[in-house]
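Letters A, B, C, D, E and F name the chains as they come in the text, with residue numbers starting at 1 for each one.
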Amino acid sequence: MTGIIKRICTGVEIFFLGVAGCAVPLLLPDCAHAQLFTFSRQELADYTAQSSFDRLPDGRPKVPDDLLERARDLSSEEVWAVLQEKGFNNQYADGFQILHPGKTMVGRAFTVQFMPLRADVDDVAEAKAKQHGLQRLTNQTAIDMLQPGDVLVVDLFGKKVDGTIVGDNLFYYTMQATRQGGLVVDGSVRDLDGMAEIDMPAYFRAADPTPIGNVMLTGINIPIRIGAVTVMPGDLVVGDREGVYFVPPQVVKELLDRADEIHIHDEWTKKKFAEGKYKSSEIYGSPTDPKLQQEYREYLKKRLEEIRKQRNPQ
Amino acid sequence: MTGIIKRICTGVEIFFLGVAGCAVPLLLPDCAHAQLFTFSRQELADYTAQSSFDRLPDGRPKVPDDLLERARDLSSEEVWAVLQEKGFNNQYADGFQILHPGKTMVGRAFTVQFMPLRADVDDVAEAKAKQHGLQRLTNQTAIDMLQPGDVLVVDLFGKKVDGTIVGDNLFYYTMQATRQGGLVVDGSVRDLDGMAEIDMPAYFRAADPTPIGNVMLTGINIPIRIGAVTVMPGDLVVGDREGVYFVPPQVVKELLDRADEIHIHDEWTKKKFAEGKYKSSEIYGSPTDPKLQQEYREYLKKRLEEIRKQRNPQ
Amino acid sequence: MTGIIKRICTGVEIFFLGVAGCAVPLLLPDCAHAQLFTFSRQELADYTAQSSFDRLPDGRPKVPDDLLERARDLSSEEVWAVLQEKGFNNQYADGFQILHPGKTMVGRAFTVQFMPLRADVDDVAEAKAKQHGLQRLTNQTAIDMLQPGDVLVVDLFGKKVDGTIVGDNLFYYTMQATRQGGLVVDGSVRDLDGMAEIDMPAYFRAADPTPIGNVMLTGINIPIRIGAVTVMPGDLVVGDREGVYFVPPQVVKELLDRADEIHIHDEWTKKKFAEGKYKSSEIYGSPTDPKLQQEYREYLKKRLEEIRKQRNPQ
Amino acid sequence: MTGIIKRICTGVEIFFLGVAGCAVPLLLPDCAHAQLFTFSRQELADYTAQSSFDRLPDGRPKVPDDLLERARDLSSEEVWAVLQEKGFNNQYADGFQILHPGKTMVGRAFTVQFMPLRADVDDVAEAKAKQHGLQRLTNQTAIDMLQPGDVLVVDLFGKKVDGTIVGDNLFYYTMQATRQGGLVVDGSVRDLDGMAEIDMPAYFRAADPTPIGNVMLTGINIPIRIGAVTVMPGDLVVGDREGVYFVPPQVVKELLDRADEIHIHDEWTKKKFAEGKYKSSEIYGSPTDPKLQQEYREYLKKRLEEIRKQRNPQ
Amino acid sequence: MTGIIKRICTGVEIFFLGVAGCAVPLLLPDCAHAQLFTFSRQELADYTAQSSFDRLPDGRPKVPDDLLERARDLSSEEVWAVLQEKGFNNQYADGFQILHPGKTMVGRAFTVQFMPLRADVDDVAEAKAKQHGLQRLTNQTAIDMLQPGDVLVVDLFGKKVDGTIVGDNLFYYTMQATRQGGLVVDGSVRDLDGMAEIDMPAYFRAADPTPIGNVMLTGINIPIRIGAVTVMPGDLVVGDREGVYFVPPQVVKELLDRADEIHIHDEWTKKKFAEGKYKSSEIYGSPTDPKLQQEYREYLKKRLEEIRKQRNPQ
Amino acid sequence: MTGIIKRICTGVEIFFLGVAGCAVPLLLPDCAHAQLFTFSRQELADYTAQSSFDRLPDGRPKVPDDLLERARDLSSEEVWAVLQEKGFNNQYADGFQILHPGKTMVGRAFTVQFMPLRADVDDVAEAKAKQHGLQRLTNQTAIDMLQPGDVLVVDLFGKKVDGTIVGDNLFYYTMQATRQGGLVVDGSVRDLDGMAEIDMPAYFRAADPTPIGNVMLTGINIPIRIGAVTVMPGDLVVGDREGVYFVPPQVVKELLDRADEIHIHDEWTKKKFAEGKYKSSEIYGSPTDPKLQQEYREYLKKRLEEIRKQRNPQ
């Protein structure tokens, strides 16, 4: 069994977390001070104050489960339209390898940040940890904190070799813990064959046989950067065949309502196209003929009512 | 519904087309003069004069439907062999993302060219349009002109952001209008999840959530460049898992006849290999043994006859 | 049929091989001296002396068939773990296009090296060939030498255009000759649509419609370089969704035994995770609770016995 | 001498130009109709109507010589500022190799477009040419039309091999003909060692030993695309260490006046910084202290007067 | 003057800094709490505790001026050798454009971090700022804090467009404030022509005409990432023709002493090579002949004494 | 001094060379048999038999010193023209970083090949070496064999990290040993600042602070591949601002004679252009006016005589 253990331990992940004197949940701000970058519960609350949703025990905004469910029908384009209007121009990341294209990813962002290992900073961190009777922070520390509905979002600065956040075992655990939430890593994964058999979405830059190493875990549920996006803990994460959107919780409700209309519009548009009587510009984006406009308005109203009834069947 | 309309209108597409005083078809040269680049019906006829096929109403050579049908069995390699002989060395483009790998794309090239938006040129064009009581040219103007059997071929100079020629609605329309012809864009598409459910081949450089914008439509059915290929309106477009060939109409017939022989040759070659008695060099490219050569010649003759009979069942 | 032959002959492949006065097998060192690079049977034996397996007739170490069979369950990560321990840090290549992701490739390396064509060297080689009454070496010469269980491993220095080692016909032959062994080419393939219908793994840099040309075959079953790997003839080749490992024969047995343990470990780990009672760090990499450690040890022992029994059913 | 001639003739450049029955200048629209893309004198006038400058004999707007001279002090940033305000967001191209960094390039755009060679189109063009007793268009045809103050701007679609618009001989001629105007080519050059000894700016994608070939000249002084810029004939071309701006003539005057102010502002800013008494934010972008603001305003006024006096010494 | 001001203000830089109730120096931890990421004076002290040098007023370790002076003779290779021994494998970044190749950059790291702009986080930050009567943090806030001997090290996540940390004016200020210290930016610069005339080293990813924008300043003198390096405030920064090293202060002294020996070794080696009597392996890395070894040891001793005398002339 | 030695020894270079029982020159085939790839003196003679020049003691063709001298005036274009005619299409490599652009590199190819380190092959080689009382082959073994007029040409398969063939000390030695011949490495160099002060041309892919390591030297003066070129020992190497040509010795004389004519042609062409009376097409490639043709012929004849007289002053 030595071999197996050695295989695992070559992945050097560091920094420590308050455990000893800390109550559950693990990320209580008073305990987490040993991280290189801390983001206190109060800071998290302040910077996500626009969200009126409940909070998860770790302080993140909790986009409700029923909205998560509705978000499964979103496409990047619909998210784009609303975020653009709200002035959010930097919430989209792409260029990933996608594990299960066609399976939409939806969940709440659980963020993790790594930085390149640096021996002296590591030594100080270890000393601090010992002093408080604590253990080091590893990728598994973070993974153990995942909640149902989470998407694990990890900044590994695009690292391929030694930048593998999970293999198939931890990916399986993540799937169980998040109830098939998902994974976004600006870094790599390993055991891709094994992962391919596990039914959870994953977005990653590369696959590599090496375990994670030569890095240090510098923050959990702090603001992180994925590509050109600033991701906040608790963001709604939506991934499709194109890429991943990180949606601030406060715009989720409006975004979903607007998406309903867009779905109906697409439905109606294709129906009219299927009739084969119209040029595309007579129907799309908006019908040119007032009669068709009227027809569309009525269709929209009817379908919206149906959808709402379906959601609240009473 | 305002939101939906806004979503669509952010795509700025310009230049206008004669509609008012023009009879159908839309691209009559006298009306189309407001395009930045024009290619009159006479020019189109002159530069494609080697084609002896009928013409489409817009002047493009019309590779006949039965030849399109036979072209579905072509592979890039067979096209390569004949074009090489005819001195066409620049008719192949690759490096695309392919929507439905394994589904061969076949059709007649309908070409569209965009260039980067330039405010002063745009102003002049708009003024000219108004003066003639015309509307601006948009991507939908072009799409509305598509005919059954067409492949929409678009030069968007590799643009990703704001370079999306269609989303799922217009892709659906294109599928309907061309009878599942296809799309080649040196640019991007959006709504990739939606497009994936529509059964038509598409070749594109990237997918992006933004709508088309910051460009101007500068020509319809003019010679355009896709990668290192000069594409002429009416070219036979053939796409497979590797890339796309643009075949001048005048060589289509010979190419298809030659492909029949190559298919039979491959059929026979694999049959002999399956017997397990021969080294590859004894059979392929040409049998070394005169008896096998004879066998092949007879097989070829028989199969050609069968194929021809099958095509013209009397 | 001229067209077909011409199609094939444009692929210029050169250098010759002793045939006339040579007994089978073809690669007897005394005959092969006309290759630009030779690696005599003695040299091959010396440099692979650590392998205690039998030899193939051409001198390569022969990893036994039953070990090949067991190797089908390997993943790159398992190979990585053992090779790392043994000091082999350069045996992995990736960045390939993969024909059938999910279908593991396993076999013995049959190596071929090409270099850019150079007229004067070619002339000398041809003269030498004539002088001995020999034929030139071509890609088909090499392919004709393939044995059941081989993977064809080809250095074509990343060439795309004119760097296509096989099309669907020769790929079909290779599949037959190697009993679905496989292909790794640091170069390209053609007829990708045809190849996709043939059930054998293939790893290649690109697909292109051109035939092979403008190169010379400079060595068969000599040490070659694929990416940053030195591949020796007879290496165990293992390919999965991530990339390809070239395993020195002498470590194959230990590697497979270790892989059995890792498989059982993964099996047990996922079983425990599926129970939903543990944090990931309580179970993986190694259980923290002594009782669980005990449970695992017993499970491991039992499963190893089962596996061995299954392999040697008496 | 045969060798020399052969060296030159391998560069296949095509399409023809009216010479026989045409008066000087060569590009009279009635004669140039044999080009694949034509842009008549009237079209050129219409699309550049916002320019109030004189015209060159070939119809291009002529930014006056004294403004060209003043433009030598521009940097890309100053051009950026004004174009941005005027709504021109797509007039900058970069990513070039620069022959003489530090030597600003200034001149009027003389545009040339090439497309990939296509045998059938080429045949038609040649036939048309013969029919009118004309010669083919080559890169030298275009180069022979250059005027003093011109910058040769060429779309060769990024071609490296066989995409060399000039070598040192034609570069020398261009330098003479344009009075050291300059060269921008979205393609390559050859004889870089020879070119390095010639004192004219050049912006190119690559250098290669091959001569131009496998292309056809499809337009002279038509709108062309360089990177993501639509270049119009007669644009003011400004190149510095970063890249190249293509400025519509109608904004040149305002741009230069504004640049005077920016130069003075930079002059004053650095003077204040050199005093070492201020934080950067106290001075730049605009002084925070009203007294400094007043000082700056007086400095600006004085220096503007000096500059104007210097330009018009009475 | 409006134009000038507008030019500058388009660069949106944000987040604020305690000024109102804070004494100098600006970065007192109690005031800086409004930054997204804070690193208190105590944290900075803890994580750089291995340095025994004095501290700058802002808490960074202060590598003494005389050591900075000696560091001007370092090359990347010498730094590599010592850091490697000390277990620092991740302190080197390259791939930069270099403003003045051949001019070694030496100084103390002053770190700045930007992240992509995000409207909601920005709003909170602005509100917090107002609440405390503070101004926003901009790139100039950071630049105004620079000290003599500093190198400005900026994480702009590789941004080119809108990622320009300075133009020539602020680069000039930086040169004055740091006494020609230097600049490293994982992002871009503008006004490259102007910068080229200013005598200070700069390492940047690209140059672009746009001003900085669409980003937020998220930390000053916090640990940042440049490429695959974790940079700590106060690190010794050494840049040469190859790239940049970030040296932990505690190893600077040993590194410089070792560099003296390496310089002498190189001096002696070249001297012996110049004699033309020896093969390279007889002299380098270490002489094979015991007499030459003795000669070298004496030379080393003598030169070390000379150097030390020269540094401390009594 | 330990530090210095350690610095050097981290570069692991292997394989051995017959020294003990071998007479000078070192590369006698009977001794060199321990290399992974051998190329006997006879093979070298056979494959370069078209060269009628003398041989160097190691068997390479020796392009005479006076021809080397004349080759200093060559440019890549002139080499291209002649090699193209002779059917050598693959003798040019580019994409290098160039140490001293503007300084032409000329010399005879001394080739060295490395491959990725492989522990088992290395063990065998070491055992073989010991058995014969030999030392391992290192990069210094090769460098010690360099002759005046040589260019060191090294295949390090594009390796950057640990792929540095020389630093400034060995580059200095190489400069001394080759009399400023030059260096081409498909790999990297270190100590770039030091190298920049040494007056010898160098072409390399990258610079890196690491020493060479993780590779094995597999051949000296064997055929190697640089980019898409097969380089033979003794090739004339010509490097300019664009790239490097490897010229088979047998075409060197004709190439140089032809270059004389091209130089004169360029001289005359520029002289005529400088007169300002001609369009470029009237003079270049060949004058259109018979009188000018005559003038050129006379000029050519006169200048050729002058050049020859100058070379052989009697």
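Just so we're on the same page, a residue touches a chain if its C-beta (ideal position, glycine included) is under 8 Å from a C-beta of that chain, and two chains touch if they have at least 3 such contacts.
From a predicted model like this one, the values you see are computed outputs, not experimental measurements.
Common neighbours of chain D and chain E, listed by label, are F. Shared contact partners of chain A and chain E are absent.
In terms of the distance between Cα centroids, chain C is separated most widely from D. Chain centre most remote from that of chain F: A (centre = mean of CA atoms). Residue numbering shows that chain B and chain D use the same positions for more than half of their mutual interface.
Averaged C-alpha coordinates put the centre of chain B at 54 Å from the centre of chain E. A straight line joining the Cα centres of chain C and chain E is 47 Å long.
Once the centre of each chain is set as its mean CA position, chain B and chain C turn out to be 39 Å apart. Chain centres here are Cα averages; for chain A and chain F they lie 54 Å apart.
Residue positions of chain A touching 2 or more other chains: none. Because contacts link the chains in a way that matches no line, ring, star or complete pattern, their graph is best described as other. Contacts between chains, counted with the stated touch criterion, involve the pairs A-B, A-C, A-E, B-C, B-D, C-F, D-E, D-F, E-F. Here chain C touches chain F in the complex through residues 36-37, 46-50, 86-91, 115-121, 123-125, 128, 157, 159, 214, 216, 218, 222-223, 225, 228-230, 232, 248, 250, going by the rule given at the top.
Chain F makes touch with chain D in their complex at residues 75-77, 79-82, 84-85, 92, 94, 101-102, 104, 240-243, 245, 258, 261-262, 265-266, 269-270, 273-274, 276, 279-281, 284-286, 296-297, 300. For chain F in complex with chain E, the residues that touch the partner chain are 1, 3-10, 138, 140-141, 143-144, 167-170, 172-173, 176-177, 190-194, 196, 207-210.
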